[in-house]
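Have a look at this one.
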Amino acid sequence: MGSSPLNIRQQYEKAERRRSVTIATVSTVLVFGALFVLIPLAPGWERVKKSFFNTEILVDTFPTLLRAFLLDIAIFLWCAPAIALLGLAIALCRDARSPALFPLKIFGVVYTDIFRGVPVILIVFLIGFGVPGLGLNRPWNSPYIWGSLALILTYSAYVAEIFRSGIESVHESQRAAAKSLGLPHSDVMRYVVLPQAIRRVIPANMNMFVALQKDVALLSFIGPVEILRQAGVYKSLLANFTPYVGAAIIFLAVTIPITRYADYLIARQNRARS
Amino acid sequence: AQAADAECAVGKTLTEGKLTIATGNPAYFPWVMDNDPASGKGFEAAVAYALAEEMGFAADAVVWTSASFDQSIQPGAKDFDFNLQQFSITEEREKVVDFSVPYYSAAMAVLVRQGTKDAGATATLESLKGLKWGADANTTALPMVQSIIQPDSDPLLYDDNTNVVEAMKANQIDAALFDLPTALYLGAVVLDDGVVLGQFPADRAESPDQFGLLMEEGNALKTCIDAALTTLADNGTLAAIEAEWLQQTTGVPVIK
Amino acid sequence: MSILTLKNVTKRFGAVPVLNGIDLTIEQGTMTCLIGPSGSGKSTLLRCINLLEPLDDGEIWFDHTDISLPGIDARPIRQQIGLVFQSYNLFPHMTAFDNVLLAPKRIYRLPKTELQPEIESLFERFGLADRMQHYPDQLSGGQQQRVAIVRALAMKPRIMLFDEVTSALDPELVSEVLDLLRQLQADGMTMILATHEMAFARDVADTVCVLDEGHLIESGTPETVFTSPVQARTQQFLHSVLTRSL
Amino acid sequence: MGSSPLNIRQQYEKAERRRSVTIATVSTVLVFGALFVLIPLAPGWERVKKSFFNTEILVDTFPTLLRAFLLDIAIFLWCAPAIALLGLAIALCRDARSPALFPLKIFGVVYTDIFRGVPVILIVFLIGFGVPGLGLNRPWNSPYIWGSLALILTYSAYVAEIFRSGIESVHESQRAAAKSLGLPHSDVMRYVVLPQAIRRVIPANMNMFVALQKDVALLSFIGPVEILRQAGVYKSLLANFTPYVGAAIIFLAVTIPITRYADYLIARQNRARS
Amino acid sequence: MSILTLKNVTKRFGAVPVLNGIDLTIEQGTMTCLIGPSGSGKSTLLRCINLLEPLDDGEIWFDHTDISLPGIDARPIRQQIGLVFQSYNLFPHMTAFDNVLLAPKRIYRLPKTELQPEIESLFERFGLADRMQHYPDQLSGGQQQRVAIVRALAMKPRIMLFDEVTSALDPELVSEVLDLLRQLQADGMTMILATHEMAFARDVADTVCVLDEGHLIESGTPETVFTSPVQARTQQFLHSVLTRSL
């Protein structure tokens, strides 16, 4: 058996694997080595390190940042369901096919155009500061309410487009099959199209909700002390940017697992489809 | 006089019997020490308590809250009786909000790093023109830079003092304009090698920079506050607080 | 007794005519096979009969109603006219049983328990009893098509339309579907089939209709159409399809 | 011919059309009527109008805002090609299949994870202030350069994922067909896979570039006076939010046509595929 | 004279065996048809011969080289072994001409002008001269498959592999592709075909091989295999496929 073809193949594969691991190790060591050796040689490294990578400040501020991040999570948790519902409603508006529902369709189009077209931060300013001024009294003028609404309106426009693409991806024959059984339009949607459409766009929506999680931070511009504002407060007090690095770390800890998982779901779906 | 003033504020505050005062988050040295206005330490914190007392509120009737400039100029109900945060009084702002009579007249000062000074920058308009300028976009420093110094290249703008200073550290800008106490503080503490190059005197004829308390437009409390502030100015209390908390400003050359 | 009568059925997509004045009468209990080249309009004709496409002209009489009138409520009519497609038939997120259950449950608003025995007996009759709780992707193509047929039958239609129900199947699986069609024919179901299975058509059809570019160019018993077609176009079509497999 | 079926159908369609136009008109009038009548009835409307919809201020500030927007466009124009190239390079890294190229693949994964996980604004701060602080001298420490780099790094992570999805959407058989002709891997990519992949992801990338156009505004946080900052300056000077409305209008004028066009391209592609 | 010899060819996907020790010898200038149920491994076998899949065991001798050795440069070998798939053959972003031009141009690094006459004559020979500047989606399925075959021929291969090149075609278009294969056979090309076209296989194949679950269960002249198969499984497969179309 020593020189059988099977053995040749296995030996070859083993050698290939060994070679690849060697290359991987060497190149990784080289790249990181270069980063760790070269950057500290820069004349301003000490200053940058003090300003951006100050361990002491990181340790001191991290717990508070983490606490502030709870507010991000809370805002996220009440916005996400609202966004999903509103997004779905608007997607259904845009999908309206009967000519009598044309105004709904137009409404959906205008809505998504406006809220996808303006930077989130402007919407947050305009709604977060504008609506309360219409004469609402506490607690109804809270920036939490109106800031959240700004996020909900903006993101539901994106989510609506995702739902719509999901609805359109359900093959026309599925609708035809359901209709040909005599089911009314609402049942066709509810039992046949939506269950399939929603399942398909879960990964895309997860990516959207990662983006939302990051944009919750924009609420800080109208008052709420969430993680970005808290980092900003520390930055001002300590004249040091390390708290931002701390915030970045916290964000990565949340967003990487979710994006990875969404990517995994998308890849699985693509495999299943082909 | 005390009694009359005290009655003046009755029924006009946000919460009956309390005086709600807003400041920034964070509040900066030397206006408020350690970001803790309730300690009464720092120029604005001390002014706030003196004013409260003058208006008939005990120290424990003072409630602190925080509000940014944007939150203060948003239309609609405010969450504070007044906001003191080095707001400069300007004509345009007066159209949207109310200001009290001034409680401080700020000299504006030029902050640079030692390297810039070594390279030959001097306290003359001629020399300042050639520098790369930065400023806090939310303050009146920007119009001053543009109207008085008229630099050769457009200034870069930032959201707060710290970002301005960071841009200086990164050598992206040479000079920035702050009110004098802030400039002295940033130059001495935040920048390792900061130098206050010169100042524009507070009592200059055109566009003096004066800080006032900011209130919702038409706030009934305004007359009470103005009266109390005038009393504090007249009886020397304000000057005493200024002497206690703000550094000596002599020795900074006047820009020609 | 005729159950379905088409008169001058005409359909355009945009300006492109796809059906050009089709006249056709379907007798109760017969099997009609539609043959013809790709794009000749077979699928469109079936979709028009099922009211999935509105007509541009013409009439479709079902019993004593013109069901092609605009504004008519299509749902009760569709329940009487079953339609099974070439592919994408079953709802992939439901088990075979739920696929069949959905329409009766929603339309007659009956509880599942009441419908269950009847549906189960349908599955049994067509040899699918052990596949009821499977999802479509756990079924072979032939099984999927049979479940799709069962689903249409569960609404107790009076006519069944089949649109190339075997074209997407692996050659080995075709026969099990064709066997089911024979079984339905034996039960006396009225059926219209669009198909490329010439051998099957010749074997079991009562009438064969040849479509070409939206025209019904030939129609008659299988013997007539296959052995002595009148139209040159029919001869040509049959030649190209049949030379290979004979 | 007066009562022929053709005529019935045409009459019916005409009636339907008339009905639908009526409904559309009435409901549009109702909705907008409600907005225009009810909102001004709110007690604070006058104040909100003065603060947000001040025609005088809008007219005064609009030209300057428009000029500031030129800077946004300039930054966009030099970032977009860099993002496309870098994104493509990283997508190719992630697509590497040979085990010897495993390190490249890992690099691609880590890169996209980090830059998709952290809010853009944090990256802008960290790179825009951090790198110049390493001791670079003018003009090499310019916030334009490093702020742009921050955008390029962030967006190329997203664009890389889009390119990757495009590459994966090219059917495996296309690669097999090219390989079976004896073409080397680089030619398979260059002549067969990429031309198809890139064409397919053009609409998705267009949406990405609309988002970039909006995020260019974040550069204002590290100095450049682009439209958002210019609006902010006016806001401070005039204590009025109208300039933000002006900025929103300018953004809409640019983003709506592009998103509409991208949507149109996507819809056309979907139709072509099914 | 044998041109290709498979010895004990074995292939697994993960733990699933797909080819179980196939032994097969192909003579120069013959046509071999692979038949067998779906999933039996026909496509995989062709892909292994084209070196698109590495073997797990066994040898593939092409002339006097074992081309299945790991680490061998597959490209010059693939140029000698053409492969045409069931579908997704042509590059949709190139004209028919550019599809054919790509490989010779990149591999021999010759200018277009030098290659043009030869390629044009290929197109002419197979009746596609007027389709050279069309894009694939402007061609019918049959024309696409013929261009794909021309593309493989342009590399002057010594063997051609065909993987169900007619399965995705409308029935009317099948014959034009089969005609082209007959033409190649007349030219003396060595060919291996995976196919469901039993009539064609019986007609023109020199050898018919029956695959079942990765085993080569039967192999011989068409007469032997179709009329008196040895294996029960072959009989059963032929029965299910042939009853319908006869």
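To keep things simple, chains are lettered A, B, C, D and E as they appear, and every chain counts its residues starting from 1.
The definition used in the following text is that a residue touches a chain if its C-beta (ideal position, glycine included) is under 8 Å from a C-beta of that chain, and two chains touch if they have at least 3 such contacts.
Just so it is clear, the structure is predicted and the values come from calculations on it, not from any experiment.
When you average the Cα atoms of each chain and compare centres, the chain farthest from chain C turns out to be B. Chain B and chain C have centres, each the mean of its CA atoms, that are 83 Å apart. A separation of 46 Å divides the Cα centre of chain A from that of chain C.
Distance between chain C and chain E, defined via averaged C-alpha coordinates, is recorded as 36 Å. Counting partners per residue, chain D has 44, 47-48, 51-52, 129, 133, 136, 171, 241 as the residues that reach two or more other chains. Taken residue by residue, chain B touches two or more other chains at 70, 74-76, 166, 169, whereas all remaining positions touch fewer. Contact between chains, as defined at the top, is found for A-B, A-C, A-D, A-E, B-D, C-D, C-E, D-E.
Residue ranges on chain A touching chain C, taken from their complex, read 171, 173-174, 176-184, 187, 191-192, 195-196, 199. Interface residues of chain E, counted against chain C in their complex, comprise 37-38, 170-172, 174-175, 178, 196-197, 199-200, 237, 240-241, 243-246. Here chain D touches chain C in the complex through residues 5-6, 8-9, 12-13, going by the rule given at the top.
Residues of chain E that touch chain A in their complex: 54-59, 68-71. Those residues of chain B that touch chain D in the complex are listed here as 69-70, 73-76, 90, 92-93, 95-97, 132, 134, 137-140, 142-143, 154-159, 163, 166-167, 169-173, 217.
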